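Structures follow.
Each of the next two complexes has subunit A plus one more chain, namely subunit B in the first and subunit C in the second.
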Partner chain A sequence: MSIREILAAIAFLAAVIFGVAGLAGLFRFPDPYSRLQAGSLLGTTSVLSIFIGTLLLSPNGAVAARVVVIMLFFLISSPTGSHIVARFTWNIGTHPWRPKSEEKKNQGKTGKGKDEAAPEENP
Partner chain B sequence: MSIETRWKLIRFFITALSMFGLWLIFTASFELFSLVTGLGGSFFVAALTYEIFIPRHQAGINFFVPRPFHLILYLFLMIFFIYKSSIAVLVAVVTGQVNPRIVHFRTPLKSDMARMVLANSITMTPGTITLDLNDDHLTVHWFFSTTSHSKVAGNEVKGEIERHLKKVWL
Partner chain C sequence: MREFLLTGMQWFIIACILVCIIRILTSRTTSGKLVGLNVLSGVVLAFLVLRGVSEGRALYLDVALVYDIFGFLGFLGIARFLKDKIQGESQE
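The block that comes next holds the complex of A and B.
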(Lines of atoms letter the chains of each structure in order from A and count residues from 1; the text may use other names and numbers.)
(Lines give C-alpha, C1' and ligand atoms only; values in the text may rest on other atoms or scores of the structure.)
Protein backbone atom coordinates (compact mmCIF):
# COMPACT_ATOMS: atom_id res chain seq x y z
CA MET A 1 0.00 0.00 0.00
CA SER A 2 1.22 3.45 -0.84
CA ILE A 3 1.15 6.29 1.64
CA ARG A 4 -1.90 7.77 -0.12
CA GLU A 5 -3.88 4.59 0.36
CA ILE A 6 -2.95 4.40 4.04
CA LEU A 7 -4.07 7.99 4.61
CA ALA A 8 -7.32 7.30 2.74
CA ALA A 9 -7.91 4.22 4.89
CA ILE A 10 -7.44 6.34 8.01
CA ALA A 11 -9.97 8.86 6.65
CA PHE A 12 -12.49 6.06 5.96
CA LEU A 13 -11.95 4.65 9.45
CA ALA A 14 -12.60 8.11 10.94
CA ALA A 15 -15.79 8.27 8.83
CA VAL A 16 -17.00 4.97 10.28
CA ILE A 17 -16.25 6.04 13.87
CA PHE A 18 -17.97 9.43 13.48
CA GLY A 19 -20.96 7.86 11.73
CA VAL A 20 -21.50 5.25 14.45
CA ALA A 21 -21.15 7.91 17.17
CA GLY A 22 -23.66 10.13 15.37
CA LEU A 23 -26.13 7.27 15.22
CA ALA A 24 -25.60 6.56 18.93
CA GLY A 25 -26.10 10.23 19.78
CA LEU A 26 -29.33 10.24 17.80
CA PHE A 27 -30.79 7.70 20.25
CA ARG A 28 -29.01 8.87 23.39
CA PHE A 29 -30.40 12.37 23.87
CA PRO A 30 -34.00 13.13 24.80
CA ASP A 31 -34.97 16.23 22.78
CA PRO A 32 -34.89 17.16 19.06
CA TYR A 33 -32.21 19.86 19.38
CA SER A 34 -29.64 17.65 21.09
CA ARG A 35 -30.39 14.80 18.72
CA LEU A 36 -29.83 17.14 15.79
CA GLN A 37 -26.54 18.30 17.32
CA ALA A 38 -25.16 14.79 17.39
CA GLY A 39 -26.81 13.53 14.21
CA SER A 40 -26.10 16.45 11.91
CA LEU A 41 -22.59 17.38 12.99
CA LEU A 42 -21.21 13.85 13.22
CA GLY A 43 -23.01 12.89 10.01
CA THR A 44 -21.42 15.84 8.22
CA THR A 45 -17.99 14.94 9.52
CA SER A 46 -18.46 11.33 8.49
CA VAL A 47 -19.36 12.19 4.90
CA LEU A 48 -16.63 14.84 4.79
CA SER A 49 -14.07 12.23 5.85
CA ILE A 50 -15.22 9.94 3.05
CA PHE A 51 -14.80 12.80 0.57
CA ILE A 52 -11.31 13.51 1.89
CA GLY A 53 -10.48 9.83 1.43
CA THR A 54 -11.74 9.88 -2.17
CA LEU A 55 -9.80 13.09 -2.75
CA LEU A 56 -6.63 11.29 -1.67
CA LEU A 57 -7.40 8.34 -3.96
CA SER A 58 -8.41 10.40 -7.02
CA PRO A 59 -6.29 9.49 -10.07
CA ASN A 60 -5.90 12.96 -11.63
CA GLY A 61 -6.60 16.64 -11.11
CA ALA A 62 -9.89 16.67 -13.01
CA VAL A 63 -11.49 14.10 -10.70
CA ALA A 64 -10.05 15.85 -7.65
CA ALA A 65 -11.54 19.19 -8.74
CA ARG A 66 -14.96 17.56 -9.06
CA VAL A 67 -14.66 16.03 -5.61
CA VAL A 68 -13.75 19.45 -4.21
CA VAL A 69 -16.84 21.00 -5.82
CA ILE A 70 -19.06 18.24 -4.42
CA MET A 71 -17.45 18.81 -1.01
CA LEU A 72 -18.25 22.54 -1.20
CA PHE A 73 -21.87 21.89 -2.12
CA PHE A 74 -22.15 19.37 0.67
CA LEU A 75 -20.71 21.85 3.17
CA ILE A 76 -23.44 24.31 2.13
CA SER A 77 -26.38 21.91 1.95
CA SER A 78 -25.83 19.78 5.04
CA PRO A 79 -25.97 22.52 7.73
CA THR A 80 -28.82 24.19 5.84
CA GLY A 81 -30.84 20.98 6.12
CA SER A 82 -30.27 20.56 9.84
CA HIS A 83 -30.93 24.28 10.37
CA ILE A 84 -34.34 23.96 8.70
CA VAL A 85 -35.33 21.04 10.95
CA ALA A 86 -34.14 22.96 14.04
CA ARG A 87 -35.92 26.13 12.92
CA PHE A 88 -39.28 24.39 12.57
CA THR A 89 -38.80 22.70 15.94
CA TRP A 90 -38.13 26.15 17.44
CA ASN A 91 -41.08 27.78 15.68
CA ILE A 92 -43.62 25.29 17.04
CA GLY A 93 -42.33 26.11 20.55
CA THR A 94 -40.43 23.04 21.70
CA HIS A 95 -38.59 23.65 24.99
CA PRO A 96 -34.92 22.76 25.01
CA TRP A 97 -34.04 19.92 27.36
CA ARG A 98 -31.91 20.69 30.43
CA PRO A 99 -29.88 18.13 32.37
CA LYS A 100 -31.44 17.01 35.69
CA SER A 101 -28.92 18.66 38.03
CA GLU A 102 -29.53 22.04 36.43
CA GLU A 103 -33.30 21.72 36.68
CA LYS A 104 -33.24 21.42 40.46
CA LYS A 105 -31.05 24.49 40.81
CA ASN A 106 -33.46 26.91 39.22
CA GLN A 107 -36.84 25.34 39.70
CA GLY A 108 -39.72 27.33 38.34
CA LYS A 109 -37.42 29.05 35.89
CA THR A 110 -37.20 26.27 33.31
CA GLY A 111 -39.82 25.19 30.85
CA LYS A 112 -40.64 28.64 29.55
CA GLY A 113 -38.72 28.18 26.33
CA LYS A 114 -39.09 31.25 24.18
CA ASP A 115 -40.33 33.58 26.93
CA GLU A 116 -37.38 32.85 29.15
CA ALA A 117 -34.91 33.58 26.42
CA ALA A 118 -36.63 36.68 25.07
CA PRO A 119 -35.19 39.38 27.38
CA GLU A 120 -31.67 38.52 26.30
CA GLU A 121 -32.38 39.80 22.83
CA ASN A 122 -31.82 43.44 23.78
CA PRO A 123 -28.29 44.15 24.89
CA MET B 1 -26.59 53.71 -19.37
CA SER B 2 -28.52 54.13 -16.16
CA ILE B 3 -27.11 52.79 -12.92
CA GLU B 4 -29.94 50.26 -12.73
CA THR B 5 -29.08 48.72 -16.11
CA ARG B 6 -25.41 48.60 -15.27
CA TRP B 7 -26.10 46.83 -12.00
CA LYS B 8 -28.28 44.31 -13.86
CA LEU B 9 -25.48 43.64 -16.36
CA ILE B 10 -22.89 43.19 -13.61
CA ARG B 11 -25.09 40.70 -11.78
CA PHE B 12 -25.86 38.86 -15.02
CA PHE B 13 -22.20 38.50 -15.97
CA ILE B 14 -21.11 37.39 -12.51
CA THR B 15 -23.83 34.72 -12.51
CA ALA B 16 -22.86 33.55 -16.00
CA LEU B 17 -19.17 33.45 -15.10
CA SER B 18 -19.70 31.37 -11.98
CA MET B 19 -21.93 28.95 -13.95
CA PHE B 20 -19.28 28.64 -16.65
CA GLY B 21 -16.56 28.03 -14.07
CA LEU B 22 -18.57 25.18 -12.57
CA TRP B 23 -19.18 23.79 -16.07
CA LEU B 24 -15.43 23.80 -16.78
CA ILE B 25 -14.70 21.96 -13.54
CA PHE B 26 -17.41 19.35 -14.06
CA THR B 27 -16.69 18.60 -17.74
CA ALA B 28 -12.90 19.05 -17.44
CA SER B 29 -12.46 19.26 -21.23
CA PHE B 30 -11.39 22.12 -23.48
CA GLU B 31 -12.94 20.89 -26.76
CA LEU B 32 -14.62 23.58 -28.81
CA PHE B 33 -18.05 21.95 -28.75
CA SER B 34 -18.04 21.56 -24.96
CA LEU B 35 -16.87 25.15 -24.43
CA VAL B 36 -19.51 26.63 -26.76
CA THR B 37 -22.32 24.55 -25.27
CA GLY B 38 -21.25 25.46 -21.76
CA LEU B 39 -21.02 29.15 -22.56
CA GLY B 40 -24.44 29.18 -24.26
CA GLY B 41 -26.01 27.16 -21.46
CA SER B 42 -24.55 29.28 -18.70
CA PHE B 43 -25.68 32.52 -20.36
CA PHE B 44 -29.19 31.08 -20.84
CA VAL B 45 -29.45 29.94 -17.20
CA ALA B 46 -27.94 33.21 -15.97
CA ALA B 47 -30.54 35.20 -17.92
CA LEU B 48 -33.27 33.24 -16.15
CA THR B 49 -31.87 33.17 -12.62
CA TYR B 50 -29.58 36.16 -11.98
CA GLU B 51 -32.36 37.86 -9.97
CA ILE B 52 -32.33 34.95 -7.53
CA PHE B 53 -28.59 34.27 -7.52
CA ILE B 54 -27.70 37.87 -6.64
CA PRO B 55 -30.68 39.86 -5.29
CA ARG B 56 -31.25 43.42 -6.46
CA HIS B 57 -30.79 44.98 -3.03
CA GLN B 58 -27.12 43.98 -2.69
CA ALA B 59 -25.14 47.17 -2.42
CA GLY B 60 -21.87 46.29 -4.12
CA ILE B 61 -19.66 43.66 -5.66
CA ASN B 62 -17.71 43.11 -2.42
CA PHE B 63 -20.92 41.92 -0.78
CA PHE B 64 -21.04 38.63 -2.64
CA VAL B 65 -17.69 38.17 -4.43
CA PRO B 66 -15.25 36.72 -1.89
CA ARG B 67 -11.56 37.50 -1.68
CA PRO B 68 -10.07 34.25 -3.06
CA PHE B 69 -7.05 33.90 -0.79
CA HIS B 70 -9.01 34.47 2.40
CA LEU B 71 -11.82 32.19 1.17
CA ILE B 72 -9.43 29.26 0.73
CA LEU B 73 -7.86 29.99 4.11
CA TYR B 74 -11.33 30.10 5.64
CA LEU B 75 -12.29 26.74 4.09
CA PHE B 76 -9.25 25.01 5.56
CA LEU B 77 -9.94 26.65 8.91
CA MET B 78 -13.56 25.42 8.72
CA ILE B 79 -12.46 21.83 8.08
CA PHE B 80 -10.16 22.05 11.10
CA PHE B 81 -12.99 23.49 13.22
CA ILE B 82 -15.41 20.79 12.05
CA TYR B 83 -13.07 18.03 13.14
CA LYS B 84 -12.33 19.75 16.45
CA SER B 85 -16.00 20.16 17.32
CA SER B 86 -16.82 16.65 16.06
CA ILE B 87 -14.39 15.20 18.54
CA ALA B 88 -15.96 17.33 21.30
CA VAL B 89 -19.45 16.10 20.37
CA LEU B 90 -18.16 12.51 20.11
CA VAL B 91 -16.83 12.77 23.66
CA ALA B 92 -20.15 14.27 24.77
CA VAL B 93 -22.09 11.39 23.19
CA VAL B 94 -19.98 8.89 25.10
CA THR B 95 -19.90 10.67 28.47
CA GLY B 96 -23.26 12.49 28.35
CA GLN B 97 -21.74 15.63 29.92
CA VAL B 98 -23.71 18.35 28.17
CA ASN B 99 -25.41 21.59 29.12
CA PRO B 100 -27.70 22.65 26.25
CA ARG B 101 -29.20 26.12 26.28
CA ILE B 102 -30.60 28.64 23.83
CA VAL B 103 -28.67 31.90 23.48
CA HIS B 104 -29.20 35.05 21.46
CA PHE B 105 -26.61 37.40 20.04
CA ARG B 106 -25.99 39.83 17.22
CA THR B 107 -23.42 39.96 14.48
CA PRO B 108 -21.69 43.03 13.00
CA LEU B 109 -21.34 41.43 9.55
CA LYS B 110 -23.04 43.51 6.85
CA SER B 111 -23.70 41.41 3.76
CA ASP B 112 -26.36 38.71 3.42
CA MET B 113 -23.77 36.29 2.07
CA ALA B 114 -21.45 36.67 5.06
CA ARG B 115 -24.36 36.29 7.47
CA MET B 116 -25.55 33.15 5.70
CA VAL B 117 -22.06 31.66 5.78
CA LEU B 118 -21.73 32.62 9.46
CA ALA B 119 -25.04 30.91 10.29
CA ASN B 120 -24.04 27.77 8.40
CA SER B 121 -20.59 27.75 10.00
CA ILE B 122 -22.16 28.09 13.44
CA THR B 123 -24.46 25.17 12.68
CA MET B 124 -21.41 23.07 11.93
CA THR B 125 -18.80 24.17 14.41
CA PRO B 126 -18.68 24.35 18.16
CA GLY B 127 -21.65 22.17 19.08
CA THR B 128 -24.21 24.79 18.07
CA ILE B 129 -27.19 24.97 15.73
CA THR B 130 -28.58 28.21 14.32
CA LEU B 131 -32.32 28.21 14.97
CA ASP B 132 -33.13 31.59 13.50
CA LEU B 133 -31.35 34.35 11.61
CA ASN B 134 -33.28 37.61 11.63
CA ASP B 135 -31.30 40.40 9.97
CA ASP B 136 -28.33 40.54 12.36
CA HIS B 137 -29.93 38.67 15.25
CA LEU B 138 -29.04 35.00 15.69
CA THR B 139 -30.88 32.49 17.86
CA VAL B 140 -28.58 29.59 18.62
CA HIS B 141 -28.93 26.28 20.44
CA TRP B 142 -25.62 25.80 22.24
CA PHE B 143 -24.68 22.30 23.33
CA PHE B 144 -21.86 23.08 25.79
CA SER B 145 -23.11 26.38 27.16
CA THR B 146 -21.15 28.07 29.92
CA THR B 147 -23.15 31.28 30.09
CA SER B 148 -26.43 32.83 28.96
CA HIS B 149 -25.02 36.35 28.73
CA SER B 150 -25.58 37.56 25.19
CA LYS B 151 -22.24 39.20 24.47
CA VAL B 152 -20.04 36.59 26.17
CA ALA B 153 -21.94 33.75 24.50
CA GLY B 154 -21.64 35.49 21.13
CA ASN B 155 -17.90 35.89 21.58
CA GLU B 156 -17.45 32.26 22.50
CA VAL B 157 -19.64 30.84 19.75
CA LYS B 158 -18.79 33.01 16.77
CA GLY B 159 -15.74 35.05 17.82
CA GLU B 160 -13.02 33.35 15.83
CA ILE B 161 -15.19 32.43 12.83
CA GLU B 162 -16.46 35.97 12.53
CA ARG B 163 -13.00 37.50 12.71
CA HIS B 164 -11.89 35.43 9.71
CA LEU B 165 -15.17 35.87 7.86
CA LYS B 166 -14.81 39.67 8.01
CA LYS B 167 -11.81 39.36 5.72
CA VAL B 168 -13.57 37.16 3.17
CA TRP B 169 -16.68 39.25 2.53
CA LEU B 170 -17.30 42.84 3.50
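The block that comes next holds the complex of A and C.
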Protein backbone atom coordinates (compact mmCIF):
# COMPACT_ATOMS: atom_id res chain seq x y z
CA MET A 1 0.00 0.00 0.00
CA SER A 2 1.89 3.00 -1.29
CA ILE A 3 1.45 6.71 -0.61
CA ARG A 4 -0.35 7.23 -3.93
CA GLU A 5 -3.01 4.68 -3.02
CA ILE A 6 -3.62 6.35 0.35
CA LEU A 7 -4.02 9.77 -1.29
CA ALA A 8 -6.34 8.26 -3.91
CA ALA A 9 -8.42 6.65 -1.16
CA ILE A 10 -8.79 10.05 0.53
CA ALA A 11 -9.88 11.65 -2.77
CA PHE A 12 -12.42 8.86 -3.38
CA LEU A 13 -13.78 9.25 0.15
CA ALA A 14 -14.35 12.97 -0.50
CA ALA A 15 -16.02 12.06 -3.80
CA VAL A 16 -18.43 9.68 -2.02
CA ILE A 17 -19.33 12.25 0.67
CA PHE A 18 -19.97 15.08 -1.78
CA GLY A 19 -21.77 12.74 -4.20
CA VAL A 20 -24.24 11.55 -1.56
CA ALA A 21 -24.81 15.15 -0.41
CA GLY A 22 -25.43 16.34 -3.98
CA LEU A 23 -27.87 13.51 -4.74
CA ALA A 24 -29.78 14.17 -1.51
CA GLY A 25 -30.03 17.86 -2.43
CA LEU A 26 -31.22 16.94 -5.91
CA PHE A 27 -34.22 15.19 -4.36
CA ARG A 28 -34.92 17.40 -1.36
CA PHE A 29 -34.67 20.97 -2.65
CA PRO A 30 -37.91 22.68 -3.73
CA ASP A 31 -37.15 24.68 -6.89
CA PRO A 32 -34.91 24.23 -9.98
CA TYR A 33 -32.41 26.93 -8.96
CA SER A 34 -31.45 25.35 -5.64
CA ARG A 35 -31.51 21.90 -7.24
CA LEU A 36 -29.08 23.20 -9.82
CA GLN A 37 -26.80 24.31 -7.01
CA ALA A 38 -26.81 20.80 -5.52
CA GLY A 39 -26.19 19.35 -8.98
CA SER A 40 -23.23 21.66 -9.51
CA LEU A 41 -21.81 20.56 -6.16
CA LEU A 42 -21.99 16.93 -7.29
CA GLY A 43 -20.71 17.77 -10.76
CA THR A 44 -17.74 19.85 -9.79
CA THR A 45 -16.45 18.60 -6.45
CA SER A 46 -17.29 14.90 -6.64
CA VAL A 47 -16.34 14.31 -10.26
CA LEU A 48 -13.16 16.39 -9.91
CA SER A 49 -12.16 14.36 -6.81
CA ILE A 50 -12.64 11.18 -8.83
CA PHE A 51 -10.41 12.61 -11.57
CA ILE A 52 -7.69 13.45 -9.03
CA GLY A 53 -7.91 9.91 -7.62
CA THR A 54 -7.64 8.33 -11.05
CA LEU A 55 -4.73 10.64 -11.86
CA LEU A 56 -2.92 9.27 -8.80
CA LEU A 57 -3.72 5.67 -9.76
CA SER A 58 -3.02 5.92 -13.50
CA PRO A 59 -0.65 3.21 -14.76
CA ASN A 60 1.35 5.17 -17.37
CA GLY A 61 1.93 8.63 -18.79
CA ALA A 62 -0.49 8.37 -21.73
CA VAL A 63 -3.45 7.72 -19.43
CA ALA A 64 -2.42 10.49 -17.00
CA ALA A 65 -2.08 13.07 -19.80
CA ARG A 66 -5.54 12.24 -21.12
CA VAL A 67 -7.03 12.51 -17.62
CA VAL A 68 -5.48 15.99 -17.28
CA VAL A 69 -6.99 17.09 -20.61
CA ILE A 70 -10.42 15.74 -19.61
CA MET A 71 -10.14 17.53 -16.25
CA LEU A 72 -9.38 20.89 -17.91
CA PHE A 73 -12.24 20.53 -20.37
CA PHE A 74 -14.64 19.46 -17.65
CA LEU A 75 -13.75 22.55 -15.60
CA ILE A 76 -14.87 24.67 -18.57
CA SER A 77 -17.91 22.73 -19.73
CA SER A 78 -19.63 21.89 -16.43
CA PRO A 79 -20.25 25.48 -15.17
CA THR A 80 -21.26 26.52 -18.69
CA GLY A 81 -23.86 23.75 -18.79
CA SER A 82 -25.22 24.80 -15.41
CA HIS A 83 -25.40 28.38 -16.65
CA ILE A 84 -27.34 27.31 -19.73
CA VAL A 85 -29.89 25.43 -17.61
CA ALA A 86 -30.28 28.33 -15.18
CA ARG A 87 -30.84 30.84 -18.00
CA PHE A 88 -33.35 28.50 -19.66
CA THR A 89 -35.23 28.16 -16.36
CA TRP A 90 -35.26 31.94 -15.88
CA ASN A 91 -36.33 32.66 -19.45
CA ILE A 92 -39.36 30.37 -19.38
CA GLY A 93 -40.56 32.26 -16.30
CA THR A 94 -40.11 29.91 -13.34
CA HIS A 95 -40.55 31.65 -9.99
CA PRO A 96 -37.89 31.20 -7.32
CA TRP A 97 -39.20 29.36 -4.27
CA ARG A 98 -39.98 31.33 -1.11
CA PRO A 99 -41.47 30.27 2.22
CA LYS A 100 -45.24 30.32 2.56
CA SER A 101 -45.24 32.76 5.50
CA GLU A 102 -43.38 35.32 3.40
CA GLU A 103 -45.83 34.91 0.51
CA LYS A 104 -48.74 35.58 2.86
CA LYS A 105 -46.96 38.67 4.23
CA ASN A 106 -46.53 40.03 0.70
CA GLN A 107 -50.17 39.28 -0.05
CA GLY A 108 -51.31 41.22 3.01
CA LYS A 109 -49.12 44.20 2.21
CA THR A 110 -49.85 44.76 -1.43
CA GLY A 111 -53.05 42.85 -2.03
CA LYS A 112 -51.70 41.65 -5.37
CA GLY A 113 -50.63 38.17 -4.36
CA LYS A 114 -48.14 35.94 -6.13
CA ASP A 115 -47.32 38.17 -9.07
CA GLU A 116 -45.64 40.64 -6.76
CA ALA A 117 -42.98 38.05 -5.99
CA ALA A 118 -42.38 37.22 -9.64
CA PRO A 119 -39.01 38.06 -11.21
CA GLU A 120 -38.91 40.92 -13.66
CA GLU A 121 -38.98 40.07 -17.34
CA ASN A 122 -35.60 39.56 -18.90
CA PRO A 123 -34.93 42.06 -21.68
CA MET B 1 -5.79 -2.22 -3.03
CA ARG B 2 -5.75 -0.39 -6.38
CA GLU B 3 -8.25 -2.75 -7.98
CA PHE B 4 -10.46 -2.57 -4.89
CA LEU B 5 -10.57 1.25 -4.98
CA LEU B 6 -11.32 1.47 -8.69
CA THR B 7 -13.97 -1.26 -8.62
CA GLY B 8 -15.69 0.16 -5.56
CA MET B 9 -15.87 3.63 -7.11
CA GLN B 10 -17.31 2.12 -10.29
CA TRP B 11 -20.14 0.54 -8.30
CA PHE B 12 -20.77 3.82 -6.48
CA ILE B 13 -20.94 5.68 -9.81
CA ILE B 14 -23.39 3.08 -11.21
CA ALA B 15 -25.63 3.73 -8.19
CA CYS B 16 -25.37 7.51 -8.84
CA ILE B 17 -26.37 6.96 -12.49
CA LEU B 18 -29.44 4.97 -11.45
CA VAL B 19 -30.50 7.66 -8.95
CA CYS B 20 -30.08 10.37 -11.61
CA ILE B 21 -32.23 8.38 -14.08
CA ILE B 22 -34.93 8.03 -11.39
CA ARG B 23 -34.72 11.80 -10.83
CA ILE B 24 -35.14 12.50 -14.57
CA LEU B 25 -38.09 10.13 -14.87
CA THR B 26 -39.96 11.38 -11.80
CA SER B 27 -39.57 15.18 -12.17
CA ARG B 28 -42.56 16.81 -13.84
CA THR B 29 -41.16 20.07 -15.22
CA THR B 30 -38.73 20.52 -18.11
CA SER B 31 -36.28 22.41 -15.89
CA GLY B 32 -36.16 19.52 -13.42
CA LYS B 33 -35.42 17.07 -16.20
CA LEU B 34 -32.66 19.31 -17.59
CA VAL B 35 -31.05 19.61 -14.13
CA GLY B 36 -31.03 15.81 -13.83
CA LEU B 37 -29.52 15.51 -17.31
CA ASN B 38 -26.78 17.98 -16.39
CA VAL B 39 -25.78 15.87 -13.40
CA LEU B 40 -26.05 12.63 -15.39
CA SER B 41 -23.61 13.80 -18.08
CA GLY B 42 -20.91 14.56 -15.48
CA VAL B 43 -21.44 11.27 -13.66
CA VAL B 44 -21.24 9.20 -16.85
CA LEU B 45 -18.01 11.00 -17.77
CA ALA B 46 -16.56 10.01 -14.37
CA PHE B 47 -17.61 6.39 -14.99
CA LEU B 48 -15.87 6.31 -18.38
CA VAL B 49 -12.64 7.72 -16.89
CA LEU B 50 -12.70 5.21 -14.01
CA ARG B 51 -13.28 2.35 -16.44
CA GLY B 52 -10.44 3.48 -18.70
CA VAL B 53 -7.95 3.79 -15.84
CA SER B 54 -8.90 0.46 -14.29
CA GLU B 55 -8.47 -1.31 -17.65
CA GLY B 56 -5.29 0.67 -18.36
CA ARG B 57 -6.39 1.61 -21.88
CA ALA B 58 -6.02 5.13 -23.26
CA LEU B 59 -8.71 4.48 -25.90
CA TYR B 60 -11.52 4.66 -23.36
CA LEU B 61 -10.31 8.09 -22.27
CA ASP B 62 -10.46 9.38 -25.85
CA VAL B 63 -14.05 8.19 -25.97
CA ALA B 64 -14.72 10.00 -22.67
CA LEU B 65 -13.32 13.30 -24.01
CA VAL B 66 -15.42 13.13 -27.19
CA TYR B 67 -18.47 12.23 -25.08
CA ASP B 68 -17.90 15.31 -22.93
CA ILE B 69 -17.60 17.67 -25.93
CA PHE B 70 -20.64 16.34 -27.78
CA GLY B 71 -22.76 16.02 -24.66
CA PHE B 72 -22.12 19.70 -23.98
CA LEU B 73 -23.09 20.69 -27.54
CA GLY B 74 -26.23 18.54 -27.47
CA PHE B 75 -27.18 20.11 -24.17
CA LEU B 76 -26.89 23.60 -25.69
CA GLY B 77 -29.08 22.49 -28.60
CA ILE B 78 -31.79 21.05 -26.33
CA ALA B 79 -32.04 24.24 -24.25
CA ARG B 80 -32.11 26.46 -27.33
CA PHE B 81 -34.79 24.42 -29.11
CA LEU B 82 -37.04 24.07 -26.07
CA LYS B 83 -36.80 27.81 -25.31
CA ASP B 84 -37.88 28.76 -28.83
CA LYS B 85 -40.69 26.21 -28.75
CA ILE B 86 -42.07 27.28 -25.37
CA GLN B 87 -41.88 30.99 -26.20
CA GLY B 88 -43.55 30.40 -29.58
CA GLU B 89 -46.41 28.53 -27.90
CA SER B 90 -46.96 31.27 -25.34
CA GLN B 91 -47.08 33.99 -28.01
CA GLU B 92 -49.72 32.24 -30.12
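Methods note: the second predicted complex is superposed on the first by the 98 of 123 C-alpha atoms of A that agree within 3 Å, B and C clash if a C-alpha of one lies under 4 Å from a C-alpha of the other, contacts with A are read in each partner's own complex, and residues count from 1 in each chain.
Keep in mind that, in the parts below, contacts are C-beta pairs under 8 Å (C-beta built on N, C-alpha and C of every residue); 3 or more make two chains touch, one makes a residue touch a chain.
Keep in mind that what you see is a predicted model, and the values were worked out from it rather than measured.
S.K.: Answer with first, second, both or neither: which of subunit B and subunit C does A:F18 touch in the superposed model?
M.R.: Touch partner of A:F18: subunit B, not subunit C.
S.K.: Looking at the overlay, what does A:L7 touch: subunit B (first), subunit C (second), both, or neither?
M.R.: So A:L7 meets neither subunit B nor subunit C here.
S.K.: If you stack the two complexes on chain A, which partner ends up touching A:L42: first (subunit B), second (subunit C), both, or neither?
M.R.: both
S.K.: Tell me the contact category for A:P96 with respect to subunit B and subunit C: first, second, both or neither.
M.R.: The first partner, subunit B, only.
S.K.: Is A:H83 in contact with subunit B, with subunit C, with both, or with neither (first, second, both, neither)?
M.R.: In the superposition, A:H83 contacts subunit B only.
S.K.: Output check: A:A62 vs subunit B and subunit C. Expected answer is one of first, second, both, neither. What do you get?
M.R.: both
S.K.: Can you list the residues of subunit A that meet both subunit B and subunit C?
M.R.: Comparing the two interfaces on subunit A, one with subunit B and one with subunit C, the shared residues are 22, 36, 42, 62, 66, 69, 78, 80, 82, 87, 89.
S.K.: Okay, in this complex, where on subunit C does subunit A touch?
M.R.: Those residues of subunit C that touch subunit A are 1-2, 5-6, 8-9, 12-13, 16, 19-20, 23, 29-32, 34-36, 38-39, 41-43, 45-46, 49-50, 52-53, 56-58, 61-62, 64-65, 68-69, 72, 75-76, 79, 82-83, 86-87.
S.K.: Can you name the residues of subunit A that touch subunit C in the complex?
M.R.: Contact set of subunit A toward subunit C: 1, 5, 8-9, 12, 15-16, 19, 22-23, 26-27, 32, 35-36, 39, 42-43, 46-47, 50-51, 53-54, 57-60, 62-63, 66-67, 69-70, 73-74, 77-78, 80-82, 84-85, 87-89, 91-92, 94.
S.K.: Under the definition above, what is the set of subunit B residues touching subunit A in their complex?
M.R.: 22, 25-26, 28, 75, 78-79, 82-83, 85-86, 89-90, 92-94, 96, 98-104, 106, 119-121, 123-124, 127-132, 137, 139, 141, 143, 148-151
S.K.: Can you name the residues of subunit A that touch subunit B in the complex?
M.R.: Touch list, subunit A to subunit B: 17-18, 21-22, 24-25, 28-29, 31, 33-34, 36-38, 40-42, 44-45, 48, 62, 65-66, 69, 72, 75-76, 78-80, 82-83, 86-87, 89-90, 96-99, 102, 117, 120-121, 123.
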